[in-house]
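Below are structures written as structure tokens.
Each of the next two complexes has chain A plus one more chain, namely chain B in the first and chain C in the second.
So, the complex of A and B:
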């Protein structure tokens, strides 16, 4: 599978000078096309388009609570997307977000419940589980890096397989009392972990309970800025780009490619693990069997949409956060299946992947 | 383990391995030709959905099977158009198709069957080879299966023979090993690859129909539930050889069958471990720990004339 890396060129970031309006315009058109198709489907299903749009708007941004919930969704998606973009710079396609979230969730739960995090003073009580999640997710990404360097394993295959393994690890962990399952006090105790202590939950930004925005928002924005700086202004960023554009030349120039590949997949995985910590400590409160619930794959789409740029990640994470929230409410209020949002997402991915043909042809020299 | 339990175990291993076996054989053909279809999952789901709906609407499982096979054509053509003609990233397009199909089939199933979702769907008939079905204890449990299982075994044998011994097989293998040579010999790499992807589509749809109208006679949202990815894992673990791919599928089927059997025998192995076992084995295989992996050299590589 070692030849696979070069084939992923179509998902590779464009050279800095050539990125800009055309690619962004094409991304925007792809999104509009997909949403248009979604609207047509809503119509075809006999739902009044006004009802559907109203329900969507209500769920996505109809109240301060809805807005905050949409933003919280966007945080997890954005972190996975950041990781995707980071690895993409080295021409690596990290499709393991789902597993990295799952591992992050396991680690954060373990440290919150049994690692003594709750008894630590204020910032550390919730920071320690987050760090544990980042390390666990990073290790999961790093495995793919090591396999790539040592055995030439295509990282797409390995991160995908690792995701399935991790998802079932969560399932196993919440089934067994020896692991993370809550004590079975009655026969009705569900196969999930106990609720994590309040001290380990991400503190809200305001005392107002109507807006569940939490401290994860500034952390995620700060990380986005850090990733932008790392990619744009540091030696590590330049090195990643060199490896992505031409690994042979990079090696000839004396770069040590192996460690860079392992590191960048570790960092991408760490961001995914952190997304898991956000979902656990900021939202769900306990680890359940279907913990990661597709966020990893949504985050992959967010990263793809961004076409290699960090502001692009922020924008598409927000888009998908609102899209998901609106879609859920559309199902509740207007009886439109939220699966329709999946259709729109699939269409966005496919139109973008196909559109890369025209974007890349623009920058190819005439033959 | 008693004779009855062993018989049930073998029978359910066959039944659970079959969809993987069919889909993995299909996927092997297009990987040989240099195209990786992450979309096997989506194509299976398309087949499962259209087969079930067709069977329900016409009241005839055979017609349902035919409808399942027809319905996969646009999905397979979409994959081929994106990855062969537009040279888009094969993995990304595959994942996109899977998400799209999951959304579309879930939505359409609710829209079409909504109120009737519990109506039984006519399924394919069962059959057992003459004589074998009458063996005491084992016959009924092992050999009395959907006829599609036997038909699929024949198809797989034919595929193995065509790949190895015919000009078509040579063209398919060459498209993934040395596409330039295919081109120089006057054949179109694009056509060979389109054909291979379509074939994967048909086999995946057959696998999907096996799940919905062959095995349990119903459709549920996202019922393939990762079986397509398992088929991909079987091809990898099978090291791109048909015999080993068949063995890998059977092994994965056995691991799945054990999930249901072990609790009955009182053996305490975590279910999660058994479910993740196939993925773990595939990871070990691609990690190069069980001999050298020899993927077709041009796998995932678009061909530019």
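So, the complex of A and C:
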């Protein structure tokens, strides 16, 4: 998946301040095409389309609870996608969302359980673990930045490999009581952390337990707005774009390339780490061995699908949130493997790469 | 040999030539009402053109006049939107260069397509051979072509060891091996030394004498005088003049090309298109400002650059540039000029030596510190170093001073826009607006924009301009030198690196000559010094010359 991602990131024309129908239209068409293929597969499996669609709709938006759950999934995906788009502006491909989520999860768990966050007054009780998660995820991204600046290591390789390390760090952390594993009171106690204190969980937006929306939603939307402003309306955003498009000319114009690369990968990682905090504090409540289970990579697809635009991230994050929820229910209710959603995701990537290639070829080179 | 196969499918060029009966012989290639549009740009419109067999037909026009587009259409790179092309009386609609090649048209592009790591023979056989490679056969063919056309080439040399002129010869041989009916050369002389240009023009004459038509794209009048049988002038995508006796009508053709008369044309700009500058003009402009102590803006003290392999690229370069003085650096490209420019612009550390700007040691300064010290740089490679094509014109105009456009932490686009508009007006950068993509501007406007940004540096003390007029049309050349001279008159020291000797002679006050990274000598920029400088450029010491 990651190599395909890198291919698109380089093949797709970088957003040079241009956004608009064509880019988003291509994404939309890629999604429609992939869903069409998914339908064909459902048919080929011998399941009636009607049943599958009904099960999908039920799981994705069939109830207020389903909608809220889909949106909560979209939050984590969207944060990783934002990080991807941020780094992409400097022509960096951050495929390390999975690891940044994992580091964020570890940090948030540690601070919630043992960092004394629970005893702080609100909102610090839940903000402190989030900040810790952002710093941890950011450090993970920043390492890739330092490696790139100091040793020229391609960030696609380093962020991906750092992800594997981080995923196994989660595994390790929940295996040992000296680290984050819950006390083994019975033989049945699983290798996972204790439940984090309620004070450190993200407060729900409504008292109604049927709609598990939490404060993560407004925070994520605010962050999306901040990223959009940073990219589009600040000197830093212009510099990132300059560095991404022509690092040599940017250097001649007095920009410091190295610090900018480290910074932007730190920020991208921080958004990934925050996604981990959202998943832990807003949804799962305890750190499990398989904590992220692919959200980082899905978030990467969200970022790719957005083609450099922040509104695009919001739209594709919502799409993927609903896709995931619907897919899970499709497996439960209609006996269609939820792997179908993965197939559709893969098809979206391939279609996008193909479309980018096709567009590049159609553009006649001006000599 | 596939070249021979290609030949068999093509009527021998001699046939076309050997039919002198019809008084206005049917042209080899005729274009009727050709038009092409790229987006909103009308690249070509209503182009009618006839090319006779065995003639050298020059396409004259400034940058952006549509010459390359026209050639690329004949060669099948682009397809015309309207109009038709006839090749020897039959419709010619190549969908690709391969089809054009098959119908006997060959083209040498401005940018070569050679594999640097391979030998000449290997490059010539690429894409033309199947099965067993017969390198010896190819090599002997190269030698026989060399004999016929005067194209001296070592078939076994590696491309990376060849000079630009030699590489061009490889490209031409590649074309001639296919025995084309029509050879298209897109600005072939832009990259050559004066002596090499003469050689190339001779090759053109020999090729034409053997019955193959030659289309020569150029904007240099000397070349037209020398070899053109006929000339067609393009301006703004249209044919604005044509002549079958170009040597006698140069004035009219130039007027058509630049859209105005030669009167009042800057001497330097004239020198570039081959109009011999009235020698006193250049000298009059070049009266140095009287020198005083402490007037040094740039002092280089033994600057040395060694590359990654330890080869010395710049050897103890020592020079002083004073206020209000233009010092030219002459030399064949690749003799240390790029390294010198890279060091002085803070893009590359010097291995040894130091340099000072206004008396302050700047040897280890970053580009940002150099800018702050008032050092402006017009880099040799505009696209790689001077600008960011994917960004807007306005953004490029303030690339080094973005910090000034910050308001409440946000980018003040309004102020940026008005600053950009102001620079555009002052430097006559023509664009639909400050928001247009920089990459879409013509070369001249791009260069004026880079110059506008660099000359707008606060506390400007020194300007380094490397090949500032390369690829520019006459109007832009004039503008560029107008601005450089104006800066000089305000007391800015200028170091001008150029491979066009005529240009240096008419602009600079003094000229130093680089050869293999070393300063071979220095002389006043006066017409009499031309031969001496030429000898120094070739590595002969002053005594020998």
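Note that in this section the second predicted complex is superposed on the first by the 341 of 367 C-alpha atoms of A that agree within 3 Å, B and C clash if a C-alpha of one lies under 4 Å from a C-alpha of the other, contacts with A are read in each partner's own complex, and residues count from 1 in each chain.
Following the convention adopted for this analysis, a contact is a pair of C-beta atoms (placed from the backbone, for glycine too) under 8 Å apart; a residue touches a chain by one contact, two chains touch by 3 or more.
Since this is a predicted model, take the numbers as computed values, not measurements.
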Partner chain in contact with A:337 - chain B first, chain C second, else both or neither: first
First, second, both or neither for A:95, with chain B first and chain C second: first
Which of chain B and chain C A:161 touches, first, second, both or neither: first
First, second, both or neither for A:56, with chain B first and chain C second: neither
Contacts of A:350 with chain B and chain C, given as first, second, both or neither: first
First, second, both or neither for A:239, with chain B first and chain C second: second
Which partner, chain B or chain C, touches more chain A residues: B
Touching partner for A:252 - first (chain B), second (chain C), both, neither: second
Which of chain B and chain C A:229 touches, first, second, both or neither: second
Residues of chain B defined as touching chain A within the complex: 78, 82, 86-93, 95-104, 106-107, 110-111, 221, 226, 229, 233, 236, 270-273, 275-276, 279-280, 282-283, 286-288, 293, 295, 297-302
Of all residues in chain A, those that touch chain B in their complex: 1, 3-4, 6-8, 10-11, 41, 45, 93, 95, 147, 150-154, 156-158, 160-162, 164-165, 168-169, 171-173, 175-176, 297, 300-301, 304, 337, 339-347, 349-350, 353-354, 356-357
Residue ranges of chain A in contact with chain C within the complex: 14, 16-17, 229, 233-235, 237-239, 241-242, 245-246, 248-256, 364, 366-367
Residues of chain C defined as touching chain A within the complex: 38, 68-69, 72, 77-78, 109-110, 345-347, 366-368, 371, 377, 379, 384-392, 395, 399-400, 402-403, 405-406, 409-411, 413, 437
